[in-house]
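Notes to accompany the following structure.
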Amino acid sequence: MAADHPSTRNLPLDPAASAILFIDVQNFSVRRDGGEFKDVSDADIEGKYGYYFKRIHEVAIPNMQRLLAGFRKAGIEVLHTTIESLTKDGRDRSLDYKITGFNVPKGSWDGKVIDELAPLEDEIVLPKSSSSVFVSTHVDYILRNLGVRQIVLCGLLTDQCVESAVRDACDLNYLVTLVPDACGTYSQERHDFSINAIKGYCRQISTDDLLKEIGQ
Amino acid sequence: MAADHPSTRNLPLDPAASAILFIDVQNFSVRRDGGEFKDVSDADIEGKYGYYFKRIHEVAIPNMQRLLAGFRKAGIEVLHTTIESLTKDGRDRSLDYKITGFNVPKGSWDGKVIDELAPLEDEIVLPKSSSSVFVSTHVDYILRNLGVRQIVLCGLLTDQCVESAVRDACDLNYLVTLVPDACGTYSQERHDFSINAIKGYCRQISTDDLLKEIGQ
Amino acid sequence: MAADHPSTRNLPLDPAASAILFIDVQNFSVRRDGGEFKDVSDADIEGKYGYYFKRIHEVAIPNMQRLLAGFRKAGIEVLHTTIESLTKDGRDRSLDYKITGFNVPKGSWDGKVIDELAPLEDEIVLPKSSSSVFVSTHVDYILRNLGVRQIVLCGLLTDQCVESAVRDACDLNYLVTLVPDACGTYSQERHDFSINAIKGYCRQISTDDLLKEIGQ
Amino acid sequence: MAADHPSTRNLPLDPAASAILFIDVQNFSVRRDGGEFKDVSDADIEGKYGYYFKRIHEVAIPNMQRLLAGFRKAGIEVLHTTIESLTKDGRDRSLDYKITGFNVPKGSWDGKVIDELAPLEDEIVLPKSSSSVFVSTHVDYILRNLGVRQIVLCGLLTDQCVESAVRDACDLNYLVTLVPDACGTYSQERHDFSINAIKGYCRQISTDDLLKEIGQ
């Protein structure tokens, strides 16, 4: 009775049933003067956050730029999500973001995808106010409407919003492809542990190999 | 163990736990040159749609204008939803809207709330692509974040998007207040029957009485 | 990019991607001694509820029995939902059912599907505590897991739980087939109006024609 | 406008608005002859799984027994979830469980909560077929109906089903209390890393301190 289903996660993308989602690659969390870092001292930016900025700017973002170009050329659906409230005062945010003290006001520069990955006019951008994009947006509904069954995930932070999206997408019946070298978090150890912890929930592939797979 | 709960739907609004949602009061479905009517003949606008335009422009919209002003003055949360795709080509729409042939492109004039009810900068506007706003947006999540337990519904069409919202809101534990004289559909009979069919799911009150209730 | 989609609701069932759901055909609401009617006087059973009992027992249930047999023979997935709390005291019910005063205790006779339609051991039965089965159960998730894209709906009451299910199923991208002569409510007028009101959300077909369609 | 909200996760439980959920503490994953281990060699049970069985049987289960007794005495809502299909052949399972090869048939011994934590007749038990209980059951709806705002989580595996539940519960506006010494997974390192990774999403407290907090 039940429809056939794949017997492995290790399937190449079917472009017509695939999408890539860039998670939280926005001024707030990527720029020195973004909301998350503008009040951090130079010493901490170099020290405590040194690994993070190097990882993001020298590894993750360049890889995401290549992915973005490749997926666009291959005609595969591109979506973006960023932390952004639907109001200026953030009253619509999740309780978690209220407690944490995160508020990226509606329409603010902090809420914008960084210029290097600027969305095209007809790419979907979803403001979210919780870790998992599947909880605080209706992305699951949108993906179903688009006919997407395979979702590629990358962005920030590996062990927070990205990992939560991997877990929920897997539970929601998507075949998830994670691109670890297009993700980043505050330390290599946290990154590595997260990638390892969720290896049962997704296929993991490098930017190089994924681009080859989609013929780019 | 379980928390106390109200034993009736006939409760006045608690302003701090309330919101009003205006449904689909947009150029597409209200204006003579909106997407839904621009290709309709003058004869049909007068005839087949004569009741509808009269109802909307002489009853429902004036009442919604009064509600909007009153709820703003009372400091009660105001939300709007309109039929609008997240893309220009509407590929993100529900299957229902694809089959029906509805596409209100992202950013279009058709997708805007009518000027008479224009949203303030910090009011939440949710584009939707199905009848029930609870299915194609994450309004339930937003309402929870806002602390809303009582929701006032009005707009278009009484027996389609409004009725679906009443049913889902009720099932989702909101105390629903419907304002029949701030709603409209294609015939008085359809309006009346819908209002009657859902009377078990909501409190029903006139614009006048609701404004009195919130002290406006 | 987006996957192809059907351009009409009027498609015959693809058995491998279909399911039928029987809604609330349970002792509580069908039997003279069910929870809903046991305290009703004989005069009211004959009078006020005369139409209802005749409709259910002479039209809707016989048709549902034929559908059940036919779908089983055709190897199409069969699901049942009934109003039933997950607890004896009903503390887990929706606010709507608490206010209405409905409580069908977990495990009670009232919560059982009627003998005429008794579920087979491996058919899924979902207890629900709100009008729409899509709100108070995870049937949408189950249907996705089963690979179901076309859902046949029938049962009780036409204009309440059945209509709510039609609306939500349609919004959730299912192709909905409603079998009006396998549904019933408290008056012919309410039945007819509901069927008419939702004709844009579903295909409507008789028991005879549906059985023919699936080769039974 | 928005309702007041707590400004910290470090709040003691309000018994009337709290619940505890025991995750996957079932024969399948806890017993030597459970489905997960019955075909594993004695050597691997001692070796590869030695840490796990010791952790579960000497630490996590005894702590869960104390929690269960204490929460019952305090009159706080107790819920259980187990991996269990709604069918014998598991056709209703998530794609993830199909790919993984997990099937705990409906009604099987494998799907039962272990005797040490056997549910009382009126405690809610939710069969699930994905990692996060919030995706493959309607527990969020049930908790809302129960008036629960604070949820205590414990069970198996720390870094899989428990962690996914912590993440989703937090995103869904619950104040989450995690009891690390009432959880377990396949290695101490995996346990510790998971607990650390999610410390921003929940309050973490020992069994001893939690029992004291609820006066037991």
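The chains carry the letters A, B, C and D, assigned in the order they are written, with residues numbered from 1 in each.
The criterion applied here is as follows: contacts are C-beta pairs under 8 Å (C-beta built on N, C-alpha and C of every residue); 3 or more make two chains touch, one makes a residue touch a chain.
Composition by chain, UniProt nomenclature: A, B, C, D = Isochorismatase family cysteine hydrolase.
Quick caveat: nothing in here was measured; it's all calculated off a predicted structure.
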item	value
Intersection of the contact lists for chain C and chain D	A, B
Same-residue or different-residue interface between chain B and chain D, half as cut-off	same
Distance from the mean Cα position of chain C to that of chain B, given in whole angstrom	28
Geometric centre distance via CA averages, chain C-chain A, whole Å	40
Whole-Å gap between the CA centroids of chain A and chain B	33
Multi-partner residues of chain D (at least 2 other chains)	1-2, 5, 91-92, 94-95, 135-136, 145-146, 173
Overall pattern in which the protein chains touch one another (line/ring/star/complete/other)	complete
Complex contact set, residues of chain C against chain D	86-89, 91-95, 106, 121-122, 124, 129, 135-138, 141-142, 145-146
Touching residues (chain side chain A, partner chain D) in the complex	1-2, 5-9, 91-92, 94-96, 98-100, 130-132, 135-136, 159-160, 163-164, 167-168, 170-175, 190, 193-194, 197, 200-201
Touch list for chain C against partner chain A, complex	1-5, 15-17, 75-77, 144-148, 173
